[in-house]
Amino acid sequence: MKGRVNAGLIAGGVLVGLVVAMALVSFVWTPHDPELVDAANKLREPGDGYLLGADKFGRDTFSQLMVGARTTLYVGIVAVGIAALIGTPLGVIAGMTRLRWLSELVMRVNDLVFAFPALLLAVMLGAVYGAGTLTAMIAIGVATVPAFARVARAATMQVMVTDYILAARAAGRRRLPVAFRHVLPNIGSMLIVQASVSFAIAILAEAALSFLGFGTRPPTPSWGRMLQESQELLFSTPRLALWPGLAIALAVLGFNLLGDGLRDYLDPKLRRIRAER
Amino acid sequence: MLSVEGLTVRAGAVELVHDVSFHIGPGERVGLIGESGSGKSLTALSLMGLLPEGVTAGGKARLHDRDLIGVPESKLKDLRGRAMSMVFQEPMTALNPLMRVGAQVAEVMTLHGRPRDQARARAVELLGEVRLPDPAQVARAYPHQLSGGQRQRVMLAIALANEPGLLICDEPTTALDVTVQKQMLDLIAEVAPALLFITHDLAVVASVCERVLVMYGGRVVESGPIREVFTRPRHRYTEGLLAASKLTPRGTRLPTIQGSVPPAGQFPGGCVFRNRCPHADTACEKVPALTGEGHAHACWHPADRG
Amino acid sequence: MRRIGIWIAAGGLLLSIAACGGGGGSGAADGERQATQEQSLSVGFVAEPANLDFTSTEGVAIPQALLVNVYEGLVKLDQDGAIVPLLAEKWEVSDDRKTYTFTLRQGVKFSNGADFTADDVVFSFERLKTDWKLKITSQLDMVEKVEKKDDTTAVVTLSKPSNSFLYTLATRLGAMFSRTGVDDLANTPVGTGPYQLGEWRRGDHIRLDANPGYWGEKPAISSVTLKYFKDATALNNALLTGGIDVISAVNAPESLDQFADPNRFEVIEGTTNGEVVLSMNNGRPPFDDKKVRQAVRHAIDHQALLDTAWAGRGQLIGAMVPPTDPWYEDRTGDYPYDVEKAKELLGGKTYDVKMRIPNLPYAVASAQVVKSQLAQVGINADIEPLEFPARWLDAVFTNADYDLSIINHVEPRDISIFANKDYYFRYDNPEFGKLLAAADEGTEQEQIENYKAAAKLMSEDAAADFLFLFPNLIVAKKGVTGLPKNAISESFDFTGLAKQ
Amino acid sequence: MILYLLKRTAVFLVSTAVAGVLVFAFMAVLPGDPAEVALGVNATPEALAELRRQFGTDRPPVAQFLDWFGGLATGDFGTSYVTSAPIGPQISDRLGVTVVLVGGGMLAALLIAVPAGTFAAVHHRNPLGVVISAFSQVGIAIPAFLAGILLVFVFAVQAQALPSGGYVPLAEDPVEWFRSLLLPWLSLGLVQGAVLTRYVRSAVLDVMREDYLRTARAKGRGRMGALWRHGLRNAAVPVVTVLGLQLATLLIGAVVVERVFVIPGLGDLLLNGVAARDLLLVQGVVMVLVAAVLLINFVVDVAYAALDPRLRGAR
């Protein structure tokens, strides 16, 4: 049973779509080179080919936002991908197994990983391998594993007691085929919702890391770093902070709305399993 | 004692219960029967003033001399749990999981003015009265430590605590094991003051009630003493319902009502049953009135005319 | 409406707290302090010392806080850069310029109560060889021996005449330590200076209190708090809101407009000894090739860089010599901005190089400009910010594992670092070393001539590129006096400060 | 209940020990011998050996670990290789600041979220409830440091009403202590409060649909009365989980707010340690943070059991 398409889903879809569109277009076209330093355009006012003006390096803000969308998506996709690829099997195993100790062990390990939040991991990894987009993505990804594992486990446990799984099991199917054929498709919707919510968190985490200097390396545009760089001009040129701030907020809002909307749309029955923040 | 006159329940533009009228005398046990979606639970909830948000009731309902419909919550809540109480279908979820059973029973008494210590003591007595073994221990238990049947007894104890004039039971035994059902029904029959008993189970209503109201599509389609309605149903729906519930010898066709209950708000105009009724004709496009003294029916082509 | 109610309530709370603090807090406190003649001042800094031992830990943060203020040397630099007596009342130089006889000031005590004598001078010089862990101690390699003649006379013998000897004694290398006060230098500095360590709350501030037993004139400010801000904006905000009295160095130069109100603030803009150097690793490809280095120098539009990266504050330089040094020559014309010339020098080749920079505001800003400009000539520089100090020092400074880097070399008269071929520049031109040696041993005139020649040589060799001279940007509350226009020593000297 | 507590305690202790091994192992793989780092490239082998002996890094890793981990129990975190200061007191100072910062922030978040979330749930159909939901969605989307920067801009720089940053110990000046923490609390509280508002709202919404709330009303309670007496404690169960998660992530997450407001907390100490390559310090801070998160998990579990009798017997 599918729920109805709701306003949140549409709004979220539109916002996320905008981010994706900006990122995709940036591969083939940006109004200006986002990394080109041009003293003549320093702090140029908006207009005349520079839609949102330029920063203190004379770089076009709009072009930077477009390429920044790419960075945002990279971080989100890789981080969420890592979390989903590790967390989902763990959660499914914990949810399917009849061995209580195994389930318990997976969840305890989960709790342990949870004790290393993304920022802590990023700082630790940064200390060893150097800060950068990659370490940030890995740190955010690993820190998000427990969220996926918990949701996957809870959803699996719900699916495991449904009739068709019991029937499949009664028919003597082995666990792995059951997991692939029946469990994964049925917890898929919850995982998609979780992915959307985790994506929003990854964006915020990247922004925080960039603020601390543990995120994307300059000059690659990143919304978090744009915000950080705009700080000294907050008084004189607030627009430099406004646009990346707005971009972060709208992207996060978009992914959150999308997640909520998808939850209602995909499977109203599973509403009770909440995506973990 | 309870008189309902032209009760309607609507959710927004959709009318879910239409023009329902009946009354229950002191000590009388009345069954309200119908399939799910017939509006029987809404009828009961509207009397208690517990309709879900967005659902409103109109018409008139009086308990003794107190209006139940269209009065503010603050007046109604004094009646609830004291003049009338209700036992719900799901005993597993109807009790607060975080509160001891005794406290939940006592609460209904302290709410209506009884001192706390008295209420506590009385709660244990009540738990005994609903035949719970070792009531003192049950009082200290949390709901999850009790079985479904035990919890429903607790609900009954709560309902009876203030000796209300009217007890409304909404499918109180549906969720219980068959063996437990019987005990529960006996208990209800024994302790109930005036009773409005809602169920879809004909056998259950026959064992508890004296009079029955049959609902379909938000309307009362037939009403009367149990014996008469069950042996000589007049409305075609009642007829079908009874036929479907009878055990048939192996091999013979099971007589069922054709089609299924339409979703709320999509019942046909006129006689609500006419899209499923084998006897329906153009006459049925008008709404039939509920007619007849004692045993009444709302059908243009009633069965068993003689 | 409930949420709005909460907002109003929260706002009201804020305001009432604010009002109460505004009345009873700083304002009243200021009045009180003035009344009791106990003046205090807080100065905001960006880099906090990891510890207080500048004999074992690199970096400018420690001498900035402690030198002259807590530790004193035999001599110091005055505001004009001249060498003046400090712990030495006077000194005599032998005719061969190899023997220095210092007459020590009498009645000087360390803050641990010990008397300062010639034994401490001998002790401090010996520590340079035995206990110091920094490479810069090589700057005093010309010291052959140090002897005590009597309690107030110490004789230093050099292996060769040296113009830089006295000057170097004014840096941290010349700091005098107590024989009984070096057990815990990292946490408990013991010096003869006008201040002593009052309190150090790590990560927040260091408080220096007036040393009651100081031999000289007591400083006007009896308690100086050095407050540390990792974030340049937070540092600005602190002054704007009255949290501190002075910003020692503005690290967000674009934000200077905030302090434009002359009734509230005074902005001091001068020069420092800090050359912001674009270092190139002369020891490995591609920058072992002089042409490639020259191409880099031509490829960079220094004025544009200064305008964008540092708000145009600072001065352009062409070599490792600040204009305050006597042998300064304008070398900015050696490599004019010329993209075509740069491309020609590269011969159409392109390069991928690692630019490993400290994660400091000026370096991160400059690196982005450098990268963009180098890209125009076919050099693709990958920027990697490293945590400063530890990771940068380890990777770049110690192990020279880099192609390009950007760092502000703040030590005074530090052109000599290019003479050390093991220094992370890996610049190796024997001619350069000879010029420096000749400068150090020669007469004053020879010194100037040789330094000029050395600067010219290293500039032409493109041993490094010099992005700009770091400006001395100080902002103070109106009424704070005694702040230096030019920062020419390693120390932030608090002794001359006062508050009106 | 006692069995449950014992079990939880055991899980907590084992997890902490495992975390200790992980943290230690992670730091052990870090390149660079602390003695070499301390002495620099020109050090003599003898000096290195001496310093290694002094640091204790010449012993087998297991012995080092046991020594370090055993020391933790008594609050001895060792002595920093870089600053040669004992690490324990630094950590406990900073931990105190962080706990006050995060605790106050969460308190502010609760003060915002519980009324706002409950209101939004009760009035989920009318415009004001929807407006609150929308506000909380927007609040979630704003990075905490941005909120902090804006608060500084408005309340400190423009209004000159509160300090822009810095931390004054409580013992030094209680009023200034409070003033210095007000904006940091608020910036944590607003953002976390927005997140929490959503959870409170959906928890209360869920509870409002529960049968026992209808039972309570059937007993004669009013709508709000039933919610107050029977709903809030039930709604608290999921909210406590979220609260635990938030607290745990905030312990380190607050570092950005510490940076904006120049508050010397644990996160700041960690970043300093990383910048100065003070490995033992980093190791100690990470261990404290991780142990704190595990402790919070433990407390949340116990709080669960206290709130929900169903959990006491089970598991």
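Lettered A, B, C and D in written order, each chain numbered from 1.
Heads up, the rule we're going with is that a contact is a pair of C-beta atoms (placed from the backbone, for glycine too) under 8 Å apart; a residue touches a chain by one contact, two chains touch by 3 or more.
Everything quoted here is computed from the prediction, not taken from an experiment.
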Where the contacts of chain C and chain D overlap, which chains show up?
A
Please identify the chain lying most centrally, where each chain is represented by the average of its Cα atoms.
D
As a test of whether you follow the contact definition, which chain pair has the most C-beta contact pairs?
C-D
Per mean C-alpha coordinates, the chain lying farthest from chain B is C
Provide the C-alpha centroid distance between chain B and chain C, rounded to the nearest whole angstrom.
87
So the centre of each chain is just the mean of its C-alpha atoms; given that, what is the distance between chain A and chain C in Å?
43
Averaging only over C-alpha atoms, locate the centres of chain A and chain B and give their separation in whole Å.
50
For chain A and chain D, what's the span in angstrom between their mean Cα positions?
22
Touching at least 2 other chains, the residues of chain D are 149, 157, 259, 271, 274, 277
Send over the residues of chain A in touch with two or more other chains.
126-127, 231, 234-235
Which parts of chain C, given as residue numbers and ranges, touch two or more other chains?
231, 233, 387, 391
Testing understanding: with touching defined as stated, what is the shape of the graph linking the protein chains, line, ring, star, complete or other?
other
Run through the chains and report each pair that touches.
A-C, A-D, B-D, C-D
Contacts from chain D onto chain B in the complex sit at residues 125, 210-212, 214-223, 229-230, 233-234, 307-310
Spell out the part of chain C that touches chain A in their complex, as residue ranges.
231-233, 236, 252-255, 257-258, 301, 303-304, 307-309, 311, 359, 364-365, 367-369, 371-373, 375, 383-387, 391
In the complex formed with chain D, which residues of chain C make contact?
1-3, 6, 10, 14-15, 17-22, 24-25, 48, 50-51, 56-57, 133-135, 184, 186-187, 201-204, 227, 229-231, 233-234, 237-238, 240-243, 387-391, 394, 398
Where on chain A does chain C make contact in their complex?
35-39, 42, 56-58, 126-127, 130-132, 213, 217-219, 231-236
Applying the document's contact rule, which stretches of chain D touch chain C when the two form their complex?
32, 37-43, 82-85, 90, 93-94, 111-112, 115-116, 119, 128, 132, 135, 149, 152, 155-157, 159-167, 175-176, 178-179, 182, 186, 259-262, 264, 268-269, 271-272, 274-278
